[in-house]
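In the two assemblies presented below, subunit A is common to both, partnered first by subunit B and then by subunit C.
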Partner chain A sequence: MNTLALLNVFLFAVLVATALAITRIRALYAAAMLASLFSLVLASLFVMLDAVDVAFTEAAVGAGVSTVLFLSVLALTRSREAVTPRRKRWPAGLVVLLTGGTLLFASQDLPPFGAPDTPVQQHPVTDVYLVDSTEQIGIPNTVTAVLASYRGYDTLGELVVIFTAGVAVLLLLTRLPHPQDPAGAPESAAPARYPDRASVVLADYRVLRVVSKLLMPFILLFACYVLFHGEYGPGGGFQAGMILAAGVILFGLVFGLDVARRVLPRPVLLVLIAAGVLLYAGVGVADLLLGGAFLDYDVLRPGSPQAGQQLGILLVETGVGITVAAVMTAVFFSFAGRGVSR
Partner chain B sequence: MSLDLLLNLATGLLMLAGGGFAVTGGVGLLRFPDFYTRVHAVGLTDSAGAGLILLALLLQVPDWGTAVRLVLIMLFLLVTGPTATQALAQAARRDGVRIWLDGERDRG
Partner chain C sequence: MIETHYPYWLVFVLMMIGLYTVISHGNLVKKLIGLSLFQAAVFILYISLGKVIGGTAPVLEEGVDSYSHPLPHVLILTAIVVGVATTALGLALAVRIFDAYGTLEEDQMLVRAGDGDDGPEDPAGPDRGPDGDGEPGVAP
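Showing the complex of A and B:
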């Protein structure tokens, strides 16, 4: 057994132990932190599989932003899991065992790791992506080429999913001014009932304040780097959007929601959520107008399909980044905002 | 060749020291009596353990780009680790977590 296999086994063991701990633990704050650890270990496993882009996404989404969202949700509800009566447990256990057994059974049919004679390796499309992309698109990171150009439709679909999810969360969590309430804005009246809750701002922690101020420009710069460097290294719109959102969320946590909302007011966020999707789809429409197919970037730069592809990928990734960042920020604001105003 | 050997030796030593700090931190997290001492132990892992391991990696870099990235990661860890530790300890103090005094029994 070589070192890599040993490392894989170790990481899987930690993964399984974390999953078991999550199911056993009743304190949900601890469970949220363990879920974050789970994502981090999973990201390490993805790195071991050389899937750096996926690992990056997993680390940014699972270990980063979603943990904060979990915690801000827990601040609104009870933080202890209710105990399920023992006799109600066995149907769920049965389902879990059946599903797990089926998956284990199905995994018998998987080819051995790295086998050269699988359909994935032999299908001609593999050659198209790995060899022809250097000619047609000319960027080193094939993942980005596949994601944004060859599979542009799918990525647009994913972005629309995120857009829809963001809109749904905002629709559910936003409380509009009550029609019979002359003063409107219930959010301004409510904090008085729980003055403590509203005033708990981490800005009292001087070290935290100074350090987060110090790090903020670097976080934003790193997000831009990930976005624009996605053609050369791991990264791209999704990861950049997540990092950007994480920066804003950190700002909101440390300096208080009101300050963060002043920086990024709600109308601006709403516009940005739509703007990213529109930018993506707009690139497609521009292709149509220039005489190509939808999301066929070749025509963006007449005479130089390669430059057109690169421009198109950059624009599309920017659109993805804008929408992802805006949706995550808006979701965080609405969760945290409820905590403050109730 | 002898420079390579020296570098490898230094890397190994730094790795060992970093790993030692990490293990010490883990043991401290499990064995120390109260919240503050435990935070102290974990803080050691964050800064000294990770810092030394990164330093060891820095001796093995193939090019400048990697070196710059490693240094940036190290600076980031050096800033964020102690900050997190300090924030945890301060939050605990605000919450009224009592400090363990010598001679007391362990409290879980």
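Showing the complex of A and C:
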């Protein structure tokens, strides 16, 4: 076995152990932290498998934002799970064994791992992405080229899914003023369950305050770098949006939700959520008006298709970044805001 | 066989752990964590199909002629972000369910939905311990 295989097996072993621990542990806070660890190791595995862009995203999402979401939900609900009764374990185990056995049997038909002559690598589209893209688009990072240009429709669809999920979360968690409430201010009317707790802000700890203040500009700058450098190295709109949101969430966690909301008020967030999708689709419409096909960036710069492609990719990635960052921030605000108003 | 297929088998192990968590556990948050484990396993399967041994990350560079396939990376990159957005939706539903039934356990939920004449709005609010970490909610 070579070094790659050894490293892969080692990382897989850590992942399996973490997953088993997540299944067994009944303290859900610990399970959420283990899931965060799982994501971090998973990101390392993605680097081993040459998927640097994916690793980047997984590290930002799994180890950062989704952990905060899980923890803030646990703060709103119960943090201990009931014992799983034995009568539920056996059928589940049986189903899992059967499914796993079937998958194992079917895996014989999968091509050998890492071989250069698999159907994936032999498909004609591979050469388009890895060879022709130099001439058609002219940016080194083929992942960005495929994401924003060759498969631009697909990415627009994904962005709309994120948009829809964000809107749905906001609808589910926002408390509308109840008609029976006299002043229409339910948040302040509700009796504070933990009066002393609400006033404790992490910013009272000097180390946290100073360190997070120092880190904030660098996090935001790094997000911009990731966004605008996505054509040349790993990065792009999705990663930049997640990093931006992580920066705002850090700010909100340390300085309190009210301060963070003053920086990014709800109406602004709502506008930004829609603005990103509109920018993406707007680029497509502009292409149509200029005489090209929807999301065909060649026509953006008449006479120079390459420059047009690069401009289009940059605009589209910016749109993705705006919507992703705004959705994640708004989702965090709604989960955390529910905790405050309780 | 082992040398050429071990990543797939390990992926299946992870996938089955996730599936087991989703099926057997009654706690909604645990189910969502299990679902994201399953999801992660699918991600690894896709990425490992695009890997070329001896290749490098698909960022074009002079003097390199073997790259892993960029398409699985694109699909999974977007899927990760979509995954966290949909997980957030699931968590929001879990919060609303907790508000209505005062529990995240399926069994207790079914019992309380069965009594259901006092409606979902429990006047005492969701019963939880003093620090949100109350008694280990044991099924009745």
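Methods note: the second predicted complex is superposed on the first by the 338 of 342 C-alpha atoms of A that agree within 3 Å, B and C clash if a C-alpha of one lies under 4 Å from a C-alpha of the other, contacts with A are read in each partner's own complex, and residues count from 1 in each chain.
Quick note on the criterion: a residue touches a chain if its C-beta (ideal position, glycine included) is under 8 Å from a C-beta of that chain, and two chains touch if they have at least 3 such contacts.
Everything quoted here is computed from the prediction, not taken from an experiment.
By the touch criterion defined above, A:259 lies against neither subunit B nor subunit C after alignment on the C-alpha atoms of chain A.
Residue contacts after overlaying the shared chain place A:215 against subunit B, while subunit C stays out of touching range. Of the two partner chains placed by the overlay, only subunit C lies in contact with A:112; subunit B stays clear of it. Contact with subunit C, but none with subunit B, is seen for A:51 once the two complexes are overlaid on the shared chain. Counted by residues of subunit A touched, the larger count belongs to C, out of subunit B and subunit C.
In the superposed pair of complexes, A:207 makes contact with subunit B only, with no contact to subunit C. Contacts of A:268 after superposition on the shared chain: neither subunit B nor subunit C is touched. In the superposition on chain A, A:22 makes contact with subunit C only, while subunit B stays out of contact range.
Residues 1, 3-10, 12-21, 23-27, 29-30, 32-34, 36-37, 40, 43-44, 47-61, 66-89, 91-96, 98, 103-105, 107-108, 126, 128, 132-139 of subunit C are the ones that touch subunit A when the two sit in their complex. Within the complex, the subunit A residues that touch subunit B are 202, 205, 207-208, 211, 214-215, 218. Contact residues of subunit B toward subunit A in the complex are 76, 79-80, 83, 86-87, 90-91.
Residues 1, 4-5, 8-9, 12, 15-16, 19-20, 22-23, 26, 28, 31-32, 35, 38-39, 42, 45-46, 49-54, 57-58, 61-62, 65-66, 69-70, 73-85, 88-89, 91-93, 95-97, 99-100, 103-104, 107-108, 110-116, 118, 120-121, 125-126, 129-130, 133-134, 140-143, 145-147, 151, 154-155, 158, 161-162, 165-166, 168-169, 172-173, 232-234, 236, 238, 241-242, 324, 327-328, 331, 334-335, 338 of subunit A touch subunit C in their complex.
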